[in-house]
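Listed next: structures, encoded as structure tokens.
One chain, chain A, appears in both complexes that follow, with chain B as partner in the first and chain C in the second.
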Partner chain A sequence: MIDFAQNTLDGVMAGSSYALLALGFTLIFGVMRRLNLSFGPSIMVGAYLGTFLYVQYGAPSLVVALVAVAGAALAGIYVERLCFAPMAAGAGVASMVSSFAIWMQLEQAAILILPRHTYAFPPLSTAAPLALGPLLVRPDHLIVLACTAVLTAAISVLIYRTRYGLGLRAIINDTVAAHLVGVDVKKSLIVAFALASAIGGVAGYLVLAVDQQVTPMFGMWATIKGLIAMMIGGLGSIPGAVVGGLVLGIVEMHSQWHFGPQIRDLVAYGLLFACLVLRPGGLFGAPPAGETMIEK
Partner chain B sequence: MLDVADLVTAYGKIEALKGVSLHVGKGQITCLLGPNGAGKTTLMMTIAGILKPRRGSIRLEGTELVGLSPARIVANGVALVPENRLVFPQMDVRENLLAGAYQRRDKREIAADVERMYARFPHLAERRDQLAGTLSGGEQQMLAVARALMSRPRLLLMDEPSLGLAPLVVAEIFRIIAELNRDGTSVFLVEQNAHMALQVAHHFYLVEQGRVTFDGSPGALAEDEVIQRAYLGTRRTGA
Partner chain C sequence: MDDYLVSVLSNIGVISFLALSAYLLLLTGEISFGQQAFFAIGAYAAGIATALWGWPLAAGLLLGALAAAAAAVLVGLPTLRLRGLYFAIATLAFAEAVRILLELFHYQAMVDGEPVGPTGADGFRGIRYIFESDVSPFQFMLVIWAILAATLVGFFLLGRSRLGVVLRMIGEDRVLAALQGVAVARCKVLAAALAGAVAGLGGGLFAHMTTYIEPRMFDIMLGVHALAYGIIGGLGTALGPLLGVLIDIGLLESVRWFAAYRMIVFGGLVALLLIVRPRGLLDEKAVHYIRQAGKKIVRTAAARLSISDRTTG
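== the complex of A and B ==
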């Protein structure tokens, strides 16, 4: 029973970073109705820049964090300008494929910055685990959980309570009509992309600071975890991203405990598969009805 | 108010507007008639800045609009009620109205304008918290008009506001158009329903295959034999 509770707690902790990744992913998908496969690699560019400063110059954690977030946001803008802005609206497949090409490019760029396979990443906190009754929780995990809660609330306020969010939702509803009421669509999309990538950057920084190491596989890892969490929760849904991330984290921790790390990923993909079959739109989203990838 | 000169807008190699020139008088209702595919919607979308013309000019009281973004054009005082309304379906009525005021920053005045819209369109007031996508066609048209008015336009463009609506609703729309015009808004209207348009418009243009083929007063329009046959049907001769 205590094992079950501890696994669930660990799952929530791991899941909160997935939720953050899914939040960034879903923001881009919700606005553009297109899949940005370069989401994870953009995060990795920021993380590598941060690591570079840490390894070469011993930069403090705060600098590493800021560079990781800013680098991810800039890489996100780069991807938007290259893969999404030039493609006509609805060209979902073209921008997805080009975002895959940029994925490869960014991954190679990261390897050029830091050619070895593994580098140290500054830890978030080295304090001893806290005891919650019989359960243990790592302080750095609590920081991740708090960041996820704060960022999710902030994004919800931004989208539902501000002028910028009103414009963004107008674009999501009808892009032509958004132009007609005076929304600067181009600018709003760049900001949304940068914002989503910055959220990803925060997630990336937190995950790496918990793991205390970074490898070139991180970009792929972030894309896949974020994608699965988003698909489980529902495409383009903020609560869906959070719930999807937490569900994924909890399921992973339990399956790792019972079956080991190899089976853990298998179970995660199985969960995605089951979700796609039973609820194609995800837990919170409407069924995509084919309009997600192929429009008109 | 608005002077369009030698406007050419093309989709690839196909020119939808082949050098359109026309004038919308200040304080007037100007109506554009024409068959499907004549370029009416293309003209409206070009004025609103959604489509970029290949050449020509669009001047609003002397200010060149060609080359400005749609947002700048709205800020200059031009609002389009688009064909098929294009309300924001997943946003409620109030949010649709607020989105219409996107270019404005005066929060208090915006809130006051929302109340004015509710007073002018009582149906919208009843449905203020309802998602726009769940409204009837007529209500969506009212919302599209109200949303456009939220930017406080000097010139209101309307692309077939009567399309697909019941006669009673069409009459209501035209009553509102006349009312807005009395309050000082210039209106440039695309309409297939020439009978309704004849009751409110001060000036008419006919556009066919991307060119203006008639330019005249309501009286001249009613006298024109070709237009009578094509747009007014047999009602005049039959009556």
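== the complex of A and C ==
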């Protein structure tokens, strides 16, 4: 029983970083209705820049965090300008393949900055685990959880309570109409992309600071985990991203404890497949209507 | 021909099967991130058939293609009602699940006093059929390209057939196709099975070319590359995916002009190309113009011929 509770708790902790990744992912998808495969690699560029400063000049954690977030946001803007802005309305596949090409580019650029396989990453907190009754919680996990809660609330307020959010929702509803009533579509989209990538940057920083190491696999890892969490929760839904992340974290933690890491990944993909087949809209999203990626 | 060129050409040929497989689904309007799974299933099935059971190569390749087609039908049925991104992610989940299952898959038999067969994540060594049968890498390259040529002929025949037209129609507008009396579900499962078989055939050839396969080779990177080849090369003709493979493996990987900067240059080029041509180099329009130009040349040549016939005759 205690094992079960401890695993669930650890799952919530791991899931909160998945939720952050999914939040960034879902923001881009919700606005563009297109998949940005370069989401993870953009985060990786920021993380690698931060790591570079840490490894070369011993930069403090705060600087590393700021550089990681700013780097991810800049990479996100680059992706938007190159893969999304110039594509015609119906060319969703072209955007996706293009963002894949930029994935390759960003990953190679990151490896050029730091060519070794593993680098140390500054830890978030090295304090001893806190005892919560019979359960143990790592302090750095609590920081991740708090960041996720704060950022999710902030994004909800931004989307549903501000003028910018209103404009963004207008764009989602009808781009042309939004343009006609005076919403600066181009600027709004760039900001949304930068914001989403910055959230990803925060998630990336937190995950790496908990792991205390960074490898070139991180870009792919972030894309895949964010994608699974987003799809389970429901595309374009903020509560969906959070719930999807937590569900993924909890399921992964339990299956890892019982069956090991390979079965953990198998279960995660099985869950994703089952969710898609049985409830294609995700737990919180609307079921897919006429939405397609290939249009003429 | 030197060894390096032979290996590059063999590689291009084998990967082309995978690109054609993704292309076939693109025609029906579906993006699959998971064709590498059928490539893997074909590779393992064909490898087991020749290395462990002592089957001849042709039978092994056939088994690989059939196993992959069967798996494709199994995935195709539950994902039938998924569209666009949802289908893409479902195929991705399936393919990654297959890769992990292959990491857990152990099946060995004693061949000539040595254990041979897949050993999970450590891979599957000793698919030595072409060495044991004294087939040189050059001859095997010819085999690969002969089968690829036959497959391409199949694609062209398909393109001219009723089924080919129906598949493109479903890709354009599935509802309209259904209203015209097309059995959309059946056609889509059939397309999935064909695409799976093509990928499985390529996988079987791949296993015998490299003699060693491991689950890691069949990761999502391979699948997305396969998809990208069709879109870079063009969706207008089955030669499009081939052109995409040629550009990537032939030009960039093999020539190694850019070495460390290869992905930076290639990634940027692809992104810029897609802005100008979102349906690839050889898109429907380009193919149409090329056909028209070809017909014109034939017509003028025929006209000249008949004039010269008259003057001489």
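Here is the rule we use: the second predicted complex is superposed on the first by the 290 of 296 C-alpha atoms of A that agree within 3 Å, B and C clash if a C-alpha of one lies under 4 Å from a C-alpha of the other, contacts with A are read in each partner's own complex, and residues count from 1 in each chain.
Rule of thumb we're sticking to: a residue touches a chain if its C-beta (ideal position, glycine included) is under 8 Å from a C-beta of that chain, and two chains touch if they have at least 3 such contacts.
Predicted model only: the values in this text are computed from it and were never measured.
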| item | value |
| --- | --- |
| Chain A residues touched - chain C or chain B, whichever exceeds | C |
| Partner chain in contact with A:Met96 - chain B first, chain C second, else both or neither | second |
| First, second, both or neither for A:Ala153, with chain B first and chain C second | neither |
| First (chain B), second (chain C), both or neither touched by A:Ile113 | neither |
| Contacts of A:Ala170 with chain B and chain C, given as first, second, both or neither | first |
| Partner chain(s) touched by A:Leu180 [first = chain B, second = chain C, both, neither] | first |
| Partner chain(s) touched by A:Leu227 [first = chain B, second = chain C, both, neither] | second |
| First (chain B), second (chain C), both or neither touched by A:Pro280 | second |
| Interface residues, chain C side, partner chain A - complex | 26, 29, 31, 78-79, 81-86, 88-90, 93-94, 96-97, 100-101, 103-104, 171-172, 220-221, 224, 227-228, 231-232, 260-264, 266-272, 274-275, 278-279 |
| Touch list for chain A against partner chain B, complex | 163, 166-167, 169-170, 172-174, 176-184 |
| Complex interface listing, chain B residues touching chain A | 48-50, 69-71, 74-75, 79-80, 82, 86-91, 95, 98-100, 102-103, 147-148, 150-151 |
| Complex contacts: residues of chain A adjacent to chain C | 35, 37, 82-83, 86-88, 91-98, 100-109, 112, 220, 224, 227-228, 231, 235, 262-263, 265-266, 269-270, 272-273, 276-277, 280, 288, 291-294, 296 |
